[in-house]
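Comments concern the structure below.
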Amino acid sequence: MDTIKVKSSRRSELIEVTEQVEEIVVKNKVNEGACLIFVPHTTAGILINENCDPSVKEDILKRLNDLAPLSLNAYTHVEGNSDAHIKSSLVGTTLSVFINRNKIVLGKWQGIFFAEFDGPREREIFVNVISQ
Amino acid sequence: MDTIKVKSSRRSELIEVTEQVEEIVVKNKVNEGACLIFVPHTTAGILINENCDPSVKEDILKRLNDLAPLSLNAYTHVEGNSDAHIKSSLVGTTLSVFINRNKIVLGKWQGIFFAEFDGPREREIFVNVISQ
Amino acid sequence: MDTIKVKSSRRSELIEVTEQVEEIVVKNKVNEGACLIFVPHTTAGILINENCDPSVKEDILKRLNDLAPLSLNAYTHVEGNSDAHIKSSLVGTTLSVFINRNKIVLGKWQGIFFAEFDGPREREIFVNVISQ
């Protein structure tokens, strides 16, 4: 198991980690297989989306703010970050990508993003490479 | 493949199953690898979130009720549980966690929860342990 | 790695691909293991839900349209398909199912659906079969 360190600088932020995942695959010398990615946090997530136009990231984050607003009378969790817990469960904390010829397989426009919902913080991502 | 039995007592409920998953990993004597978790139901899901303060669970369930209300004029499914089907697809029915030294790897505050959206019912979770 | 070709005919559409996934499992002669499914697109997803009453699919798509409307003043992405990117991240682009006795394991009412959010288009799904 390998670990990627991520440092977020905003409360809500999509941080691309495609290169760091790629490096782990290369380091582990796995030619064919799968790469499992796991976020060990309850107010963050992991997702794959467009890494070309940065406005896509902003629109995703903005809409997630509508779906789980920062403040809602209905929230009971006293830490005041229920929105981040909800976003984490909407987006998910685990992902799998394929490895082909020692490279991760992604679509033309895809990047892997750590989704920070309660930053700024120092975070970790665990990566497990499974050989076929 | 192992099976965890879950009995829900409310229509909407997050039921922690971390210990049951852990037992399966121990029983299968897998030291390093991954554990895949699969929910064979269309009105339930599986998620990882905080297992410390129970108000987090309640806030997640409450907000999911806003995102997919029980009754909406737009729903056409006659069984009256469209909300549960929608929540299932938002939260997801599959999850993977890592195994390290015969234990599942979770963050400090994380627990694995079966997400009941159309209970009370008797449910199943399938678990598959992959050795590395 | 195998590829399933999908052709959508509407902007938003759930297209069942259970049979195509099953064929790949049979072709690869894997008796026990797991099947990873990956969508290499940023405006589409993959999900498991009911494949019996087609009204379930319609209710899911309709509610996703409410959660990520086609037009919102807040969107900044100039291509005009931010809703599809958001839906993709809500639903997810990756899935794993179990293989038991050379068949995929699904619940009684479950089917695997490619989720088109920016069609009509020709799309691909990657499938990776891992033997145990």
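As written, the chains take the letters A, B and C, and residue 1 is the first residue of each chain.
By definition in this document, a contact is a pair of C-beta atoms (placed from the backbone, for glycine too) under 8 Å apart; a residue touches a chain by one contact, two chains touch by 3 or more.
Treat the numbers as computed from the prediction; the structure is a model and nothing was measured.
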item	value
Same or different contact residues where chain C meets its copy chain A, judged by the half mark	different
Rotational angle, Cα trace of chain A fitted to chain B, multiple of 5°	120
Separation of chain A from chain C, taking each centre as the mean of its C-alpha atoms, in whole Å	20
Junction residues of chain B - those touching two or more other chains	67, 90, 92, 96, 130
Residues on chain B engaged by chain A in the complex (per definition of touch)	32-34, 47-50, 53, 55-56, 58-60, 62-64, 66-67, 90-92, 95-98, 100, 105-110, 130, 132
Chain C-facing residues of chain B, complex	1, 36, 38-42, 67-68, 72, 74-79, 82, 85-86, 88-90, 92-94, 96, 126, 128, 130-131
